[in-house]
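Two complexes are shown next, each including chain A; its partner changes from chain B in the first to chain C in the second.
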Partner chain A sequence: MSIFEYNGSAVVAMVGKNCFAIASDRRLGVNLQTIATDFQRIFKIHDKLYIGLSGLATDVQTLYQRLVFRHKLYQLREERDMKPQTFASLVSAVLYEKRFGPYLCMPVIAGLGEDDVPFICTMDCIGAKELAKDFVVSGTASESLYGACESMYKPNMVTYYFEALGLTHGKTMEQGANCIGVQKENQYKLLEEPEELFETISQALLSSVDRDCLSGWGGHVLLVTPTEVQERTLKSRMD
Partner chain B sequence: MGDSQYSFSLTTFSPTGKLVQIEHALTAVGSGQTSLGIKAANGVVIATEKKLPSILVDETSVQKIQLMTTNIGVVYSGMGPDSRVLVRKSRKQAQQYFRLYKEPIPVTQLVRETAAVMQEFTQSGGVRPFGVSLLVAGYDDNGPQLYQVDPSGSYFSWKASAMGKNVSNAKTFLEKRYTDDMELDDAVHTAILTLKEGFQGQISGKNIEIGIVGADRKFRVLTPAEIDDYLAEVE
Partner chain C sequence: MGYMCWSSEIAYSGGMARFAADVPTRGGFSFDLCQRNEMLLKKGNQLPTFRKTGTTIVGLVFEDGVILGADTRATEGPIVADKNCEKIHYMAPNIYCCGAGTAADTEAVTDMVSSQLQLHRYATGRESRVVTALTLLKSHLFSYQGHVSAALVLGGVDITGPHLHTVYPHGSTDTLPFATMGSGSLAAMAIFESKFREGLTRDEGIKLVSEAICSGIFNDLGSGSNVDVCVITRGQTEYLRNHQLPNPRTYVSSRGYNFLKGHTGKTGEPYIPPNPRR
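And then the complex of A and B:
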């Protein structure tokens, strides 16, 4: 078995309308034995920038610590947060420094850049950046994830139905319905509308990890919009 | 005087708490040709006298104002060769920053790294401080900026400043003439008038040098013809 498959992992990030979602599985294994079901693979760099790391778990943790270190120094020197594109360039440089003895990690970077335009990218373990407009995947379940995302993804998905109507993010269902003058009877129709982006990324993740014996044991999804961040845990087949 | 016994060693403090070598470096700067910088609302201008030792020198080959990056330029007062070393190091640092972050270096960061180099040479063995003060002018995401860096490694942000010979007259003149809402063109005129104050001889496009950077973020040195145009406007 390859060293990348030693611990097992699945990470995916998707772009929505003025928002993004990043999700990962929660299994930590040693070959076929599962030893933890709450392993964190997605880390916050700053409020609008997250990095998901798949691959060898020890390198996931060390690389995250190194990147946070670099970012904190940058914040102190430049008195500002790093833009996602800048951070991606930094990660690429850090990985290439170890070209002949690499970190066995494939990062997935997702953030809101200038004017809150979503940015996602992934790279291989030696820093070859791959920018995407729709979704990026990495981990042992990546082939399934590619298939699932390709078929389920559509552009401009929203985190709340009301975003599609251009209303302020964060209103309750009732407030939103009142804003658009919907009668009480019809409110149920609005409640049926799912949060598209969350549903899509969750379904893509769960169906892919179900096909991969090395990842699974639940999922962890983060939805990030310009105003807030939502963290949700998914329950899936626990095996 | 107690100080003179300590004046030969850079790395030893004198009893009065000074590093006398740095004081001497500042004297070297103070006897260099006048240079000045003015920060306008929409750009920065830096200028310097370009007095050549003889009329036989090819003035087109001499350039005192140099680029550190496409949007940051620098002028010096003091020893020319020392400034070239600093410009070379700063250019390399700016490119290293870009290689790491794929983003142009902010002016404050470049100034800080240049100042760190100058400070290194005040605390090492076998070296002497740089005999130049630099005026760094740039335009980045935080708007137009003007910094002065001294041989000790300290740096200051200025709205308008002068260095070299005749510095006190120039600064007094600038204090009177400076306004916060000056446009770049007005700043160029003011710079020319300030240089004219202490200039010996006839001022022309061939014996002064002016560099500007505006909102387009492209630092450039004006040609002698352009300087002559500004001079004509000033008169």
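And then the complex of A and C:
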């Protein structure tokens, strides 16, 4: 059995219109036994940059700690946050340094770059970057995820109803609601309108992990737009 | 053991701080995790496969310079990991390099030599020569005895004229008028051997290179998607990214999937991160 199948994982990131979504499963197992159902695989680097790590869980946590350390040093020196492209190069270098004894995990990096243009990227465990414009996947369920994302993905999916109306994303929720004449009481209802990107990434994740014994037991989805971050947990089959 | 010697060497040179914090290293490879990975292997786990570029890469010399070509598929075992990756890497304004083999190795080796060439240009004040890039690549690859698995087609035009070389993972090189590498090299070489002649014009050269890459794309399973071409002449380089797209995605349904609101069940509870101390 491959070392990646020791803990089991599934991570996927998708690009939407001026936003992105990153999702993972929540199972932590030891071969075929499940030992936790709330394992965190997606980590925040800064407000507009997230990294999801699949593979051996111990390396996931070690690598996350090392990368956050390097980013904090960068923040102290440069007095600003790292751009996603720079961070991807950093992760690639950290992984390639261990070329002959690698960290056994595959990162998925997702962030909003300059002008809030979404950036996603994945790498193999020795740092070969793959920059994609639509979606990236990693983990034991990656083969199913490739298939599900390939068929379900559409370009320019939105997260908020008022973005669908073409209003500028620089507005807060209140301003956006005022623009389309919604009363204050109904503002929060606005967020529950069709959110294509959330629905698509969740469906892709859940249908793929259903076909993989080693991942699943719930899902964790983060939707990141220039103004806010939404974290949601998914209900799924618990087997 | 090699691992133990390395760590005590670092301790001796006053680098104990290295183990307390992950400060940026002096460069080169680090073998920290080798012992642990060996232990995992012995316990019956297989180490992961790395992303390879499968690939068909070609180069030829025409009357004014060099033309390089590559396909755009990156594979991970039998799965296509990237449908449109870039295999023609920049080395210098007048030198480009196509890479086959392990993707991380080709990217890292070409980036490293590209930086070394830039520093050399600053030091000498002259345009880089193709043989400089060639020597840097072959000495690096030889010193790692083939473990850095990068097979390259290096081409460029400098003051001494157009040059085309192939570099193998163990560090051997060849200098040729036309060359192919990668899993699709036999398919591409068949086209070159029948149609190549000295003194091709630019358009004929591009057409021949595209034909050779297409032959690799259609006949070799490790190569696919699109054709990238790079034309290098004295004083000018043209990188024709996706010069041909012989495999468009025509089966997409225009309706797509439409998921209704609430399609995906949510637990509704607020998310509590498992490690509140972070």
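Quick notes on this structure:
In the analysis below, the second predicted complex is superposed on the first by the 213 of 239 C-alpha atoms of A that agree within 3 Å, B and C clash if a C-alpha of one lies under 4 Å from a C-alpha of the other, contacts with A are read in each partner's own complex, and residues count from 1 in each chain.
Keep in mind that, in the parts below, a contact is a pair of C-beta atoms (placed from the backbone, for glycine too) under 8 Å apart; a residue touches a chain by one contact, two chains touch by 3 or more.
Predicted model, so just to flag it, every value in this text is computed and none were measured.
Annotation for the three-chain superposition on chain A: chain B and chain C fit side by side. Panel annotation: after superposition on the shared chain A, the angle at the CA centre of chain A between chain B and chain C (CA centres) reads 60 degrees, nearest 10. Of the two partner chains placed around the shared chain by superposition, neither chain B nor chain C is touched by A:239.
In the superposed model, A:124 lies in contact with chain C only, and not with chain B. In the superposed model, A:78 lies in contact with chain B only, and not with chain C. Once chain A of one complex is fitted onto chain A of the other, the partner contacts of A:86 are limited to chain B, with no touch recorded for chain C. Once the two complexes are overlaid on the shared chain, A:115 sits clear of chain B and of chain C alike.
Which of chain B and chain C touches more residues of chain A is settled by the count: it is C. With chain A fitted onto itself, chain B and chain C come no nearer than 6 Å, counting C-alpha atoms only. Looking at chain A, you'll find no residue that touches chain B in one structure and chain C in the other.
For chain A in complex with chain B, the touching residues are 77-78, 82-83, 85-86, 89-90, 93. Chain contact summary for the complex, chain B toward chain A: residues 99-103, 106, 108-109, 112. Those residues of chain A that touch chain C in the complex are listed here as 1-4, 6, 36, 38-40, 55, 66, 69-70, 92, 95-104, 123-130, 132, 142-143, 146, 151-152, 154, 192-196, 198-200, 202-203, 206, 218, 220, 231-235. The residues of chain C lying in touch with chain A in their complex are 21-22, 24-25, 28-37, 40, 44-48, 50-51, 74, 76, 79-82, 85, 102-105, 107-108, 147-148, 256-257, 259-267, 269, 271, 273-275.
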